[in-house]
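Take a look at the structures below.
Shared between the two complexes below is chain A, which has chain B as its partner in the first and chain C in the second.
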Partner chain A sequence: MPFLIFTLAFLVIPTFYLASGSFQNLAVAPNDPAHGAFTLQNYSALSQPNLADSYFASIEISLVTAVVGGIFGFLLAYAVIMGGLPRFLRSALMTYSGVASNFAGVPLAFAFTFTVGASGILTPLLLAGGVHLNIYSKTALELAYLYFQFPLMVLIIAPAIDGLRKDWREASENMGASAFQYWRFVAFPILLPSLLGTVILLFGNAFGAQATAFALTGGSINIVTIQITRQIRGDALNDPGIGYALAMGMVAIMAVTIGAYALLQRRAERWQR
Partner chain B sequence: MTGTPGGLSTGSAASVSTRGSAASVLTRGTQRPAATKPRRGPASFVWWIVFIIGLLYFFLPLLGTFAFSMRSEPLFSAYAVVVDDPQFGQTLFYSFLVGIITIVVSTILIVPTAFWVRLRLPRLRPYIEFITLLPFVIPPIILVFGLIRSYSGDPFPLAGSDLGSNVLLIAAYVVLSFPYMYRAVDTGLRSIDVRSLTEASQSLGAGWITVLVRVIFPNLRVSLLSGAFLTLAIVVGEFTIATFLARPAFGPYIELIGGNRAYEPAAVSLISFGLTWIAMGLLGLIGRQSRQKIQIAGAH
Partner chain C sequence: MSYLTLTGIQKQFGTTYAVHEFNLSAEKGEFVSFLGPSGCGKTTTLRMIAGFEQPTAGTISIGGTDITHRPPNRRNVGMVFQSYALFPNMTVADNIGFGLRVRKRPKDAIHKRVDELLGLINLPDKGGRYPYQLSGGQQQRVALARALAIEPDVLLLDEPLSALDAKIRVALRKEIRSIQRQFGITTVYVTHDQEEALSLSDRVVVMSEGRIEQIGPPPDIYNFPATPFVASFVGTLNLLAAQVIDGATARLNLEGQEIRGSKPGAATGDRVTVAIRPETVEVGEAGGSNRLTGTIEDVSFLGSIVRTRVRIGNEASLSFDQFNDPGLAAGVVGDSIALSFPPEATLVLAGEANAGDALEQAIAES
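== the complex of A and B ==
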């Protein structure tokens, strides 16, 4: 099938190339007999403070934006679906979420720079309020990521909230359950796989992001995707093998993330039929 | 990824949850109407606050960007400069063209595969689905890293030439489009009776190509359009892959003028936002006309 050949050529082979390179000794000159020999050195090199820090920072940013974006996105979706807000706000929010969750990368970074950056429009106001936001910091990056994170949460969680049937609430009320008990024993357990799965997806979404971070901080922030950027631009580590190991570490984390998401989503769909 | 097997559309489900009160009053005479109404009054005050915070989060950066672009004298001159810049039109055209080719290639690869799997090899469906999820596991930065390293030397030195780099760019975008296109097509195929349509066409003497092009394809128009607009929205502003392949695309252009200009980047950012909005608006229009559920978010 052409589909499989295409996938092999432009997805599997490139990934395999990085994977095999990550197990080779590429630190020595090509004419050295040790060049290309099997090694695990590249992976142990990931414990270098600089590289380990980039992983920690990436994980921290992804975790914070996934949890905060997840909670806020859920509340927002719940507000328009169940909170008694006018109906037209719901379709407005869904349209906006479609746009905002796809509005990432360079323009998003610029929008934040122009708004809260050094000469941003809102910066004087923030400074007057005692808030000093460094646009090159993790906090600024997290604020920017949230711009696409919580709309994505809204998009994915809305069908799950819709799937909460009126009958379940009525049934629990008829049996004398309080609102808290309904949430604790009915709604929350039903929503849990969706909530968890989507938060995990948001984690992966932030973890793999490069353009926004690059454009916002000018490539100065130490996260994994920026480390890989440096590695592609020029061999920043003087050892291509470590660059490949860096990439494979990222793939491993993404694989776990997407795998967990797919699993939880499958569980969640049971209730949405 | 958000597709639900039952084909439960967001629109119809919405009417169930927020307009359910009237229906349940009619069907259950004993039910107190108040119990099924969405909560109003004091409780929804909290939800208004949540909504307004969301609104501010959404509009403040846009308003800030707009206000910033207005700092250039005379008014709207930043936009005039951008539109007059030949590179603006060229890069936008380039990205748009790449987007269209990506959609065509992706369609040609995905439709026959999804069709064949559905008709003859349903056992393989989980595996194909797994493959189409791989682009989420391999983020663009890793994909382009691998592509550059695999195709800069013999036997396929694609990254060395303009044509080769264009091929790599489109190939990478096609890979990125797989999750959206496959899901869209698979949902579309689910809503039609593939087997009967195929057997009917074949009994009338149609070959496989005819079945695909003249029967299956027209039935998938709506699904394909939704996948196409999403792909377009992702491809036109894409930065990571285009920049490493040194392509004259719109994403790298925005970044480039961000480095050399003061107010124009604000103008371009807003234009880019407008383009995303148009693509999503068209997607929403299609969604409203079809009963199918459409996925409307990409990865970054």
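== the complex of A and C ==
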């Protein structure tokens, strides 16, 4: 029963609210008789170049940060767990990852601005090295996202790496396999379900992020969450119906992504109970 | 001629010696067991043969080739792990064929060899299953087949049966021995189970605290233990404190009664430990020329045998076994009893107090 209440309150009712809003005409004033009337206009508006682009940008940023953060986080976790590094480094990295994975939104944007923004403390050094980073760009946003993406990867993948048994590696070596063959035939396939799951999680984490992008770029970057903000709370562009349709589009993309993940994972996990 | 040779092997972790001055020469096709309690260095020695540990000193050679510093994947040594270590993402057939696959053997050859080994381990129809779909005994058979698939020069087994229940253990050890004989492969088997070591091996290496206590065929290890440790660890033993009356004739005083030891050697007047196997003692005078009298303290029914404990004098107690049969008249606690046993079964071990405590403990726990 508590689960049912929780699901209703935080999943079913909000989704229903979004879905019903996306089919209503909310562009007109509330006292207009057309207000709230059924329409498909909100969905057809999603094909406008500006809105379609926002999806592509969001997917690109999410994909890049999920993959790059995933690879970097995995290598980092692997290095401290299996790389023969001192034990204290592992505790230090896990503690840092716990904090950094939650260090997103406005604090991260400000930290990023103070460090590599126009007057950032590292900016003169970067400029001296010939690096000019525009913090309002997509690349800068991806870089900022990586600061919470890779620590999240470290946190989630570390237990999976811990689960790789030492005797699997030894058995593999004993059979004559090289380190590469061990990774190719044994370790990587065993880790694949966890890797897939974590990368999907990172994708969703970046896809739904709004505060970091908004605080860092002042809303100038065209991603879906910023577009939703503009449509629902904006002064110039105010059409909550389109905002709801945009949000439903996000739900659809996440559903497709999770569906694809489930298929892949079922294949990758066929050897599990 | 020696095939697997370990010469002066040592392994040091910090200031602790895990293995000390280990020397062994095993013939081609010989089955050698390392027997000892946990922490005695037997697994460390096995892992040094496999290449997972580097000896601090000494050399290991197989067929005359020094492999001491060769990486594990270039030793052609097959190993069966205690925890099976089957790859969970691969089917049984893929697990068995793994070593051949990484050696880039043709697919047909791999398939043929896998089928052959599946037949050998009596799992011909289980090739498509995953390890989690098999019982512990079946998984261990697959692990054995996987180790044999690469046609190793030496087969290493690290307590392979310890996770299995008693009946499967007995059945599987017979299979292991039979397969080992069929392949004629030099095998090193690590165990802390004396029955396993004694029943399987051509020779047993008994180890304690990183050192070899005794190497020999199972009957020698059991009947003629060289040290108090071997005597206490292998089989069950009575320990009784005695004093040497005459070293030249091995006459001993045990709680005021005179017996003879198996061989002379101890100095007259020495305090020694007398070790007597429970199964060598008989009621009455038929067991041999050594005679002892005492009072029955306890009678335990152990299924196929009945074990009786007899108080000898004030300090010593001696247990003996009788085969259980419906007509057996077991002793009654408090009754007097006369026992006999042969002098050749009366081992005289140097040292009294510490060794004695260990032996008494061993018999008390058995």
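Basically, the second predicted complex is superposed on the first by the 219 of 273 C-alpha atoms of A that agree within 3 Å, B and C clash if a C-alpha of one lies under 4 Å from a C-alpha of the other, contacts with A are read in each partner's own complex, and residues count from 1 in each chain.
Note that in this section a residue touches a chain if its C-beta (ideal position, glycine included) is under 8 Å from a C-beta of that chain, and two chains touch if they have at least 3 such contacts.
Everything numeric in this text was worked out from a predicted model, so none of it was measured.
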Touching partner for A:190 - first (chain B), second (chain C), both, neither: second
Partner chain in contact with A:181 - chain B first, chain C second, else both or neither: second
Chain B versus chain C as contact partner of A:136, first or second or both or neither: neither
Which superposed partner A:173 touches (first chain B, second chain C, both, neither): both
Of chain B and chain C, the chain that contacts the larger number of chain A residues: B
Touched partner set for A:56, first chain B, second chain C, both or neither: neither
Touching partner for A:111 - first (chain B), second (chain C), both, neither: first
Set intersection of chain A contacts, chain C complex versus chain B complex: 170, 173, 272-273
For the chain C and chain A complex, residues of the former touching the latter: 50-52, 71-74, 76-79, 81, 83, 85-90, 98-99, 101-103, 130, 132, 146-147, 150
Residue ranges of chain A touching chain C (in the complex, touch as defined): 165, 167-168, 170-178, 181, 185-186, 189-190, 271-273
Complex contact set, residues of chain B against chain A: 1-2, 4-6, 8, 10, 13-14, 16-18, 20, 24, 31, 35-36, 38-40, 43-44, 46-48, 50-51, 53-54, 57-58, 60-65, 67-69, 108-110, 112-113, 116, 128, 131, 133-151, 168, 171-172, 174-175, 178, 230, 233-234, 237-240, 244, 251, 254-255, 258, 265-266, 268-270, 272-273, 276-277, 279-281, 283-284, 293, 296-300
Residues of chain A that touch chain B when the two form their complex: 1-4, 6-7, 9-11, 13-15, 17-18, 21, 72, 75-76, 78-85, 87, 89-90, 93-108, 110-112, 114-116, 120-122, 146-148, 150-152, 155-156, 158-159, 161-164, 166, 170, 173, 201, 204-205, 207-212, 214-215, 225, 228-229, 231-232, 243, 247, 250-251, 254-255, 258, 261-262, 265, 269, 272-273
